[in-house]
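First the structure, which I've put down as structure tokens, then a few questions once you've had a look.
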Amino acid sequence: MTNFDNAILLLFCPDKKGIVSRVSNFIFENDGNILNADQHCDSKTNIFYMRIEWNLENFKIKKENIYAEFFKYVADNFDMQFTLHFSKKKFNSAIFVSLYEHCLIDLLLKNITGELNTNFKVVIGNHKDIEKTVKHYNKDLEYFYIPITKENKIKQEQKQLEILKSYKIDLIILARYMQILSNNFIKEYPNKIINIHHSFLPAFIGANPYKQAFERGVKLIGATSHYITESLDEGPIIEQDIIRISHKNSEKDLINLGKDLEKSVLSKAVKLHLENKILVDNQKTIVFN
Amino acid sequence: MTNFDNAILLLFCPDKKGIVSRVSNFIFENDGNILNADQHCDSKTNIFYMRIEWNLENFKIKKENIYAEFFKYVADNFDMQFTLHFSKKKFNSAIFVSLYEHCLIDLLLKNITGELNTNFKVVIGNHKDIEKTVKHYNKDLEYFYIPITKENKIKQEQKQLEILKSYKIDLIILARYMQILSNNFIKEYPNKIINIHHSFLPAFIGANPYKQAFERGVKLIGATSHYITESLDEGPIIEQDIIRISHKNSEKDLINLGKDLEKSVLSKAVKLHLENKILVDNQKTIVFN
Amino acid sequence: MTNFDNAILLLFCPDKKGIVSRVSNFIFENDGNILNADQHCDSKTNIFYMRIEWNLENFKIKKENIYAEFFKYVADNFDMQFTLHFSKKKFNSAIFVSLYEHCLIDLLLKNITGELNTNFKVVIGNHKDIEKTVKHYNKDLEYFYIPITKENKIKQEQKQLEILKSYKIDLIILARYMQILSNNFIKEYPNKIINIHHSFLPAFIGANPYKQAFERGVKLIGATSHYITESLDEGPIIEQDIIRISHKNSEKDLINLGKDLEKSVLSKAVKLHLENKILVDNQKTIVFN
Amino acid sequence: MTNFDNAILLLFCPDKKGIVSRVSNFIFENDGNILNADQHCDSKTNIFYMRIEWNLENFKIKKENIYAEFFKYVADNFDMQFTLHFSKKKFNSAIFVSLYEHCLIDLLLKNITGELNTNFKVVIGNHKDIEKTVKHYNKDLEYFYIPITKENKIKQEQKQLEILKSYKIDLIILARYMQILSNNFIKEYPNKIINIHHSFLPAFIGANPYKQAFERGVKLIGATSHYITESLDEGPIIEQDIIRISHKNSEKDLINLGKDLEKSVLSKAVKLHLENKILVDNQKTIVFN
């Protein structure tokens, strides 16, 4: 492991001969060492997707010029959409939370142990008590109590957006946040808001999925992490998992059994995002893991 | 293992003191040896469910009288609903099938090896070619080719029902049968028709669940076996399972990957039914396994 | 839910006609209402196992006399071994821990939310720093720092035992405690010490199971919770689970990926023990869940 | 999908700048279209592994010359080991079998439906009855009955080897074959013999793993497919999976429950091999799936 930063490109374009060759040459000719390269071609749409990571030690192009150079010498010739990331640039993350704290605590703990490598800047919630928890785990982390009612929603979201801007937040994690975000809010953070839904989507969309699951009599319950889009619970899925239950389990059991699942599924999705391993296209994710 | 038969009671009633005691006394006082007893009480509805199995060696009541005696001395006092089964009485089963043969073949193979202990009496299908497969695995098994169109559906179902009656069928297995049964048909076999749906219900109800799953971009695909009721794909769930997929899998991959899952989930459900381990109440199953 | 306590019997004896009947009559004749009854008969050894739980509202026998009465009127006639428990009697638990804190924290958090219903009385560890963590989650919980070396081991275990006695501990949880307990210690707490081993036992017994797993190139890693007996890592298994890994995962990845698994498997085992759902016989567990 | 063949390279070498670029240029400069490229670098050993697949439509180098050209212009400069495969070149496979037929039948069925795209040339077994099964599924497939005793083992293996040679077999599948192959035999087919072991290796090596699992009281049972090397049950693992069991399951239950698992794990491993997706190095597999 060198002390140098890595550059990461996430890109997609119509498939065509020579993409891998052109991209890898761009790196090699400038003395970069490729660490990882993953690709996928959708056989239906013929779209090519790629994630490529290389070490910047001795790389001939300055960090601040890589974007422009890649655009000029590679992307432009392939009608390519791409984003450029650096492994040492930490995301500034915000956590939104309501009453249930288990996902919040899990994220903060995994941040402390280094499993989630991000700067948690703010926690925003609509319950006052959460502040104590936040401070308990990280006394430097700010908590903003922003209660939401039908009447004040627009105004309060405005407040939230201002906070997010002022802290330069680039990832929002809804850790069992029980309010529905407005489309105006969502548009500001496309594919930058990760939610955990406590069901195996698309089963049990909406409120009280454990109640729905209990009443339907399913034999497995699930959790789904996904990006928030303007369609409720229909954003691109990042990660899902399930556990087995039985007729012996009450609705309350499901709520408790689901907690470890929700924590694990949400933190996996967040980790993938923080490592720039997710590409989103057409309501679906390409997860390079 | 004795050569004697076992009796199995599946029962439910409002919960009340003394049920277990009364039921077990009925068996003990008549010199039966209890082999298994499972129970469950739904804490919401306060309904008590039980499965109890005992050996009939030396049992003082004759097999043909057990039902009446149990009704008189036990069930009637507790407002109990119950069914009585004998472990040596094999179910007469029919398999319905369309184009896909994998579940059909799996059921026939597991019957040959003794994993599914039933008399397969007839296979009914709406594709002519299936006959060859059926005869290949069991040359004594009858295949009835009954093609279905919108126009002939009522008449053809009548034909199916006549066949089922004449073979004294008491379990119907829809092994990827692609026709929707009419309510008239279903009413004749309440909780006696087991279907395999190739999704994690209630996600992806209806046609082409793998296509739906592919388009939604889920990270797991599932299969669900359930009893057929008048609400399509909404009958009581018996068994479910899932496998992990990724963006690399095409819709065709899902179809192939799902086959082993469908086979395993369907045959598990059928086995549970054949062993009289399933109680159905209120659209949900109590599975005593 | 009444305010009354439940009694729970865990018993086993050679199988014989009339056990279920005799046990359930004992409860019914004394006006108890059976809430749960599970049983199992080992077809090889012919040993009968049972867990039965009933509500004590209106029960005619006083709590302090149930043991003796059951012994006299039931157990003695069937050569039965049994233990009696009460649902409102909380276990006094001790946690042993070394360097890794994730299981410790998970247990404390699940205690706070009521998912693990026990009195955590003491935490004993061989690393000084852990005290801060313990106090962070529960400032009333005592931490005892007891470092272990080859030389002082016997003396230090004596100290540990004195602490456990003085706090009337009846369950010890080894939450990634890295010291091997002596047989003398273990004998004091038969089937009362639950360990989490970070492998799918019996694979990778002993030290560094993730290293062993990495080197062997397995495609799944596991965790196992079990009672501690005098044979290292060979005690009766309570719960196991696995997660999928790949060649892409480094040894360090396995350590991190395994954490959520260890937490979940250990806390499930502890919960089963706290709810008196585990019977141990012949190096194996009967888990009534 | 064109009618043209794909070329597939599996390669590894010490990691170094420019490998991806050099390999992809070799393909691009000769007018090949890369369909898939996967790579992995072991961070401990610094070995780079790659699988790359491209379409041969318009490829400037003739199929028969690709190996030599790649060796000369690429491999030789990077101290690279590689194998070259063509997607339309089917493997000639042999199945070895003893008494249990379920894996054999599953392989033959998946071959018929196109899920396993190989030429099954011969089945070799040490039980006479299997011939009927083989002919039942594929009347053109040869069955060789070669019984093995301690005394005749060397001679019989010689016979097996002659058969394998004469049918130009390049993949041997041990479908629950209960004989241990000699090192002489194994040496002839390095990483070309796939076995299914009915346990979660390295747990329960050797005979009767289900008996061992039953006696140990594990809560999950597994199956492992691996290449055969000279160390029994210690060859590189290709695929593993598990199912949940409980104290209720007898040893015979485990045997039956394990069958679907064995079939699924073995056929997945065979499919990966047939698609040239497995690289073996240092007793471990890199599985590009």
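For clarity, chains are labelled A, B, C and D in written order, and residue numbers in each chain start from 1.
We adopt the following convention: contacts are C-beta pairs under 8 Å (C-beta built on N, C-alpha and C of every residue); 3 or more make two chains touch, one makes a residue touch a chain.
Treat the numbers as computed from the prediction; the structure is a model and nothing was measured.
Undergrad: From the centre of chain D, which chain's CA centre is farthest?
TA: Of all the other chains, the one whose centre lies farthest from chain D is C.
Undergrad: Sort out for me whether B-C or A-B is joined by the greater number of C-beta contact pairs.
TA: More contacting C-beta pairs are found at A-B.
Undergrad: Express in whole angstrom the distance between the two chain centres, defined as the mean CA positions of chain A and chain B.
TA: 42
Undergrad: Just how far, in Å, is the C-alpha centre of chain C from the one of chain B?
TA: Roughly 37 Å, centre to centre.
Undergrad: So which bits of chain B are touching at least two other chains?
TA: 248
Undergrad: Quick one: in the complex, what on chain D touches chain A?
TA: 17-22, 24-25, 27-29, 31-39, 41, 244
Undergrad: Can you tell me which positions in chain D touch chain C when the two form their complex?
TA: 40, 43-44, 200-204, 216-220, 222, 236-242, 246-248, 250, 283-287
Undergrad: Chain C touches which residues of chain A in the complex?
TA: Residue list for chain A touching chain C: 102, 105, 109, 113, 115, 136, 248, 256, 259-260, 263-264, 267, 289.
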